[in-house]
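Alright, structures below, take your time with them.
The two complexes that follow have subunit A in common; it is paired with subunit B in the first and with subunit C in the second.
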Partner chain A sequence: MKTELNDIVYKDPFPARIGCTEWHNLFGNIPDEFIDHYRYYRHCGKNEWNTYLYPPTTFLIYGSRYLRKLKFDNSLASLRLWGFMMNESERLFRAKQSGMKIIANMGDLGAIPPLIFSFKDTIPFYPDCYWWTPFLNESTVLFEEAERLGIGEDCCFVRAALGAYSKLAYFPEPDLGIVATGASCNDMNSVMQSINRLDFNMHWFEIPHRRDPGIYDSDLKNNERDLHRMDYQPHLKTFVIEEMHNLISRLEEVTGQKYEPDALVGTIKKINKLRGLVYEIRDIAFSAVLCPIPALELMNLEFITLSAYSDLDEAIDIAQHLKDTVRERVKNGKGISDNDAARVIWITPPADPILLNYLEDLGGRLVGTEFVINQSLRLLDSNPDPLVSLSDGLLNASLIGTTRSRTKLILRQIEKYDAEGIIISNIFASSHCSFETTLIKEFIRENYNIPILSFDVVAPGKKIQQSQILNRMTAFIETIKEKKRS
Partner chain B sequence: MSKLIDFLSKLNKNRRNELRALKNTGRIITGYFCHYVPVEIIEACGCIPVRIKDNLNDKYETAGRKHIQRDSCSFCKAALGSLVDNSEFTNLVYGTTCDQLRRLNEHISEKTDIDSFLFHAPRTHDKNSTLNLYRDEIFLLIEKLTARSKTEYRNEQLLERVEEWNKLRSFVNEIQRQRIDQPPVVTGREFFYLLSTAYFLGPESFLKVSDEIMEFIKTKETSREPLRIFLAGSIICTADDHLLNIIEEQSRAVIVGDNTCTGSGWMNNPLQYKQNIFENLLKNQFDNAQCPNKMPNDSLYEFTDKQIEKTKPDGIIYRSLKFCHPWNFEAKAFKNRYNIPFLHIDTDYSKANIGQIKTRVHAFYEMIIARKSEDRIK
Partner chain C sequence: MIKAGIDIGSRTTKIILLKDNKTIYRRISATGWKPGETAEKIYNDSFIETGIKKSEIAKITLTGYGRVMINFADEVLTEITCHARGAFFEDSRIRTVIDIGGQDSKVIRIDPGGFVEDFAMNDRCAAGTGKFLEFLAHTLNINVSEFGSLSLESVSPEVISSMCTVFAESEIVSLLAEGAETSDLVAGIHSAISKRISGLVDSVGFEDKVALTGGVALNPGIRNNLEELLNTKIIIPENPEFIGALGAALS
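Here is the complex of A and B:
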């Protein structure tokens, strides 16, 4: 893939997964003009501080030591994505310094940020996503802080968000925290309850339980594009709209601005642009003969849909760059996987990113995910009242309904992308995993006879248990390949 | 064995037989989880409410473990194991107060033929939107229950049921008041049995034996100066009998107050009614649940503050069930809030750790006694 900037051209090397040191060396080939060009918060102009294109070694030196063990895609677009994602903490502090309002979202996983982006100079972000930090930093500091505040290891890794909130070294003090409760996990609720006791400015947003109406009218054959659709009862939408109005009053108070429906319509267009790009990249990647982009980058990309890593315009630009790269690779018959790679769908995002590296190391490839953020992947409806679209989006969430409805999302992908195996990476002591995993397996087996592997992701530093996961994944991929051969 | 518990056990046994007979005649026996579920409405819909918490034990917990993972709450595992094994219920009702309960519903629906209904019990309050949702959901509950019982729901019937339950609440609250006295008139174990029986029998049957119960209480021998213990934490059910025994054995200590999912808070709020009974009932349920999963859960602490002030305990024993997140993660806040000796026991229904719990409880009591002696000397 050639990336052009004015008359300057950078050409990606042959697609491969490379280590930190290799990226460090490769980075020397990237013209300075590119480093200067890729910026976040472009509306702030060119400043010393708002570039983000750095090799992984830069973030390694800042503390993300785990990066030295990971493998990365070697394209410029993927490097942009990594730099942009890893730079988010710094970006939030810069936003605060620049006078923007910082809104922490918790628990809704992508449903509410479009509303926040519609307020001028107002930035959403997810403390929930700091659950990756203990792994990336090879440090238990955030878990220890959460434990000091009463939430120990019987809670899912999302307790790192409590540690981060308490320390306020990972993001600045939010102007408002929107905490989504109701049909959400117990562990997340406990984390939010504890954060509330730290005396931050909070707004509680109730998410209703989505009861199965009993009939699924969104069957894949009639509605191929809408892999992400869920069905729900109409009175729930009325309720969510009311909750949106409550939230709007609070946002108006915090930002000092009036809610503008037209601004939200404009934001929804941008959000759909981002989600559309992510959909297309995933579809190209999952359908291609050779997988054009590694699983880890695909996860980073999927999570860009939550809050655009706090900069919507730049996120869209990066997703477009990545789509061009992926399309070009597929067009040229290039990829990072073998022809006979085991086609795997991954359920629940692994807090330990190296597990996604293992998939390809062992001869597998990703052909689908259910990373509990269905609500942020689906395109929002173009209803004249944008709050109706937002509410509908929220009611498509992965975890607010039954396991059967969540499994439906997986079954559609198995069918569409010919999956040969399923990996479920459980989060130990998470209230949904402990109940869902056995049901998901049962529901999949009602329809498909494919191998399913489930395991608990282990906490940072537990090397022996992690090696057991590697052994199990090895046997799993071998089983799939053996099945293919026979 | 306490004479009162002996008496109550017989009542429970008879009631269980009576329910079986009623079920055979076509009456609807509705099992329900959590006190967010309004019993008066279940009755007004022609069904008989029975809270699911009795008959649970460690064997059922192990049985439930076959269907859900080990890192799920012991109560849910035991309830699942019990209901899959043998159910005396026609249908089940759940509120979404706890995510694990919400998900338990689906397991039970998949593995048994019991009809079930899960309604959204809002966690946030002080706003019309969530009250409106709660109302919508209770309407759906009524629709579901009346369809099953083929009975028409009427507000007059609801009012009558509310009046009956209020009489029961008043009676239990009177015992609760006397429980605070020194020496306490009933042990905590007796009180939990009493409360459980009251709910199991329902107002009419239970109040018929109220005089006999008061007689047991009046003639009861009490130890002179037991340590006064406040019990807080996860649901207390039959599987916890050994725990209550350990806390109160040899009459060294008595549980004088509590805040648990099934304790005195359950009877705490007689309904102020007369007009618009349905709305008042909703408001009462909505505003007064002392649930750790309320967001924020200030009402949990407001209730506990009052209880602690009234009961003046020497120590707090805080029992959380393994992987019961809502209670487990409140332990620290409880400990920090009350300047009272505090013991946190995080356990399941297994009896394998009885010895360890005994040792910890005894050490806790010795520490309290030593402190009290020091205070006297000072």
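Here is the complex of A and C:
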């Protein structure tokens, strides 16, 4: 892929997954103009601080030591994605310095950020996502802080968000925290209640449980509409809109601005642009003969749909760059997987990112995910009332309904992308994993006779147990390949 | 054509030499702390003991947790594939393989062609493994090889509710203090492991015929318990502890 900028061209090397040191060396080939061009918060102008295109070694030095063990895609677009993602902490502090309002979202998984972005100079972010920090930093500091505040090992890794909130070392004090209650997971709820006790400015947003819709429940497995859509009882939308209005009052109070429906319509258009790009990249990647982009980058890309890593315009630009890269690779018959790679759908995001590297190391490739944020992968409806669109988006969330409805999302992907195996990486001590995994397996087996591997991802630093997971993944890929050969 | 299969387990290392799919040599040795050296020694000893030359070996396949520590293999496979292959070779009716290893336990479902269809392994600790038996045998000051027959003498098996090895030990010490019979304790331990294993069987989907492989297959207490829980007759292949090595040699 050639990336052009004012007549200066950077050409990606042959697609490969490379380590930190190799990226460090390759970075030397990237012209300065590119480093200077890619900036976050472009509306702030060209500042000495808002570049983000750096090799992974940069973030390693600032604490993310685990990066030295990971493998990365070697394209410029992927480097942008990594730099942008890893730079989010810095970005949030800069936003605060620049006078923007910072709104923390927890537990809603992508439903509310469009509303926040519609307020001028107001940005959302997810403290939930700091659950990766202990792994990336190879440190248990955030867990220890959470434990000190009363949330210990019997809660899932999302307790790191409590530690991060308490320390305020990874993000500045949010102007408001929007915390989802009701149909959000129990661990997240206990973490949010503990944060509430720390006296931050919070707003509770109730998400209704999406009950079995009965007559509204069409056969979603073969549904032609869209891959990530769920059905729900229509009256739930009225309840969510009411909750949205309560939230709007609070946002108006915090930002000092009036809610503008037209601004929200504009934001929804942008959000849909981003979601559309991510959907297309995934579709190209999952359908291609050779997978054009590694699983780890695909996960980072999927999570960009939550809150655009707190910069919507730049997120769209990066997603477009990635789509061009992926499409070019497919057009030229290039990729990072083997011809006969085992086609795997991954359920629940792995707390330890190296597990996604293992998938390709062992001869597999990703052809689908259910990372509990499927609702952020589908386009929001273009209803004249944008709050109706947002509410519909929220009610499509995979975790707020039954396990059977969540499994439908997986079944559709198995069918569409010809999956040969399923990996479920349980979040250790997570309330929903403890009961859902068995049911998901059961529901998949009602429809498909494909191998399903499930395991608990253990806390950082427990190398021996992670090597047991590696052994299981090896056997799993071996099984799929043997089955193919037979 | 002679092929070698070496299974480097956490407790023992096994080797099998196959000539035209017939076993011509087998040996087992404690793995110890240097699995690489143990595997190399057991492999070299096979030539001394059989008079076969190294050059006559057409293929060497390694399996077991120590398989990655050796660099003289032609192929490296996981225990899952090898146990399935070995068990199916011994009896092609087998559809479910239970292997209780030293470090982990696995249940493997195999298709009519002998290929692995699905598998499950114990989650994260010694619960349900050979190590659990060994540890508790040590607590009771009994040789683990006598454990199985002792469990058969039980009149009223105790209930051991903890599957954590350390907690189970505390439970056993308490029961001993209350005057529990050793044979009843041993039977309780066997029952606890078997229940755990039958849970794994459920998770991959039970299919008859069932084979028990690995060293623990020689323990009649475990076999009896599993037969009762699964309501089926369990097949114990000849030399069950060599099934992994056999599967490797067959590759």
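As a working rule, the second predicted complex is superposed on the first by the 475 of 486 C-alpha atoms of A that agree within 3 Å, B and C clash if a C-alpha of one lies under 4 Å from a C-alpha of the other, contacts with A are read in each partner's own complex, and residues count from 1 in each chain.
As a convention for this text, a contact is a pair of C-beta atoms (placed from the backbone, for glycine too) under 8 Å apart; a residue touches a chain by one contact, two chains touch by 3 or more.
As the structure is a computational prediction, the values presented were derived from the model and not from experiment.
Enquirer: If subunit A is used to align the two complexes, do subunit B and subunit C fit next to each other or clash?
Expert: fit
Enquirer: Applying the document's definition of touch, where does A:Ser184 land relative to subunit B and subunit C: first, second, both, or neither?
Expert: Touch status of A:Ser184: first partner only.
Enquirer: So, does A:Thr58 touch the first partner subunit B, the second partner subunit C, both, or neither?
Expert: In the superposition, A:Thr58 touches no partner, neither subunit B nor subunit C.
Enquirer: Quick check for you: in the superposed arrangement, does A:Thr474 touch first (subunit B), second (subunit C), both or neither?
Expert: A:Thr474: touches subunit C, not subunit B.
Enquirer: For A:His235, decide between first (touching subunit B), second (touching subunit C), both and neither.
Expert: After superposing on A, A:His235 lies in contact with subunit B but is clear of subunit C.
Enquirer: Mind working out whether A:Val458 is in touch with subunit B, subunit C, both or neither, as first, second, both or neither?
Expert: In the superposition, A:Val458 contacts subunit C only.
Enquirer: Check the residue A:Asn201 against both partner chains and state whether it touches subunit B (first), subunit C (second), both, or neither.
Expert: Neither subunit B nor subunit C is touched by A:Asn201.
Enquirer: Does subunit B (first) or subunit C (second) touch A:Thr438, or do both, or does neither?
Expert: Both partners, subunit B and subunit C.
Enquirer: Spot which of subunit B and subunit C makes contact with more residues of subunit A, would you?
Expert: B
Enquirer: Between subunit B (first) and subunit C (second), which does A:Glu243 come into contact with in this model arrangement: first, second, both, or neither?
Expert: A:Glu243 sits against subunit B, while subunit C stays out of touch.
Enquirer: Calculate the angle at subunit A, using C-alpha centres, between the directions toward subunit B and subunit C; round to the nearest 10 degrees.
Expert: Reported to the nearest 10, the angle reads 70 degrees.
Enquirer: Who does A:Ser166 touch here: subunit B (first), subunit C (second), both, or neither?
Expert: neither
Enquirer: How far apart, in whole Å, are the nearest Cα atoms of subunit B and subunit C in the superposition?
Expert: 6
Enquirer: Once the two structures are fitted together, what part of subunit A is touched by subunit B and by subunit C alike?
Expert: Touching subunit B in the first complex and subunit C in the second, residues 438, 456 of subunit A appear in both lists.
Enquirer: For subunit A, which residues count as touching subunit C in their complex?
Expert: Residue list for subunit A touching subunit C: 438, 441, 445, 449, 451-452, 455-456, 458, 465, 468, 471-472, 474-476, 478-479, 482-483, 486.
Enquirer: Would you tell me which residues of subunit A are touching subunit B in their complex?
Expert: So the residues of subunit A touching subunit B come out as 149-151, 154-155, 179, 181-187, 189-190, 192-194, 196-197, 202, 204-206, 208-209, 211, 235, 239, 242-243, 245-246, 402-404, 426, 428-439, 442, 456.
Enquirer: Could you pull out which subunit B residues touch subunit A in their complex?
Expert: Per the stated touch rule, the residues are 67-72, 76, 96, 98-100, 102-104, 106-107, 110, 118, 120, 122-124, 127-130, 132-133, 136, 292-293, 295-297, 322-323, 325-326, 328-333, 346.
Enquirer: Looking at the complex, which residues from subunit C come into contact with subunit A?
Expert: Result: residues 65, 77-81, 104, 111, 113, 115-119, 121, 123-124, 203, 205 of subunit C touch subunit A.
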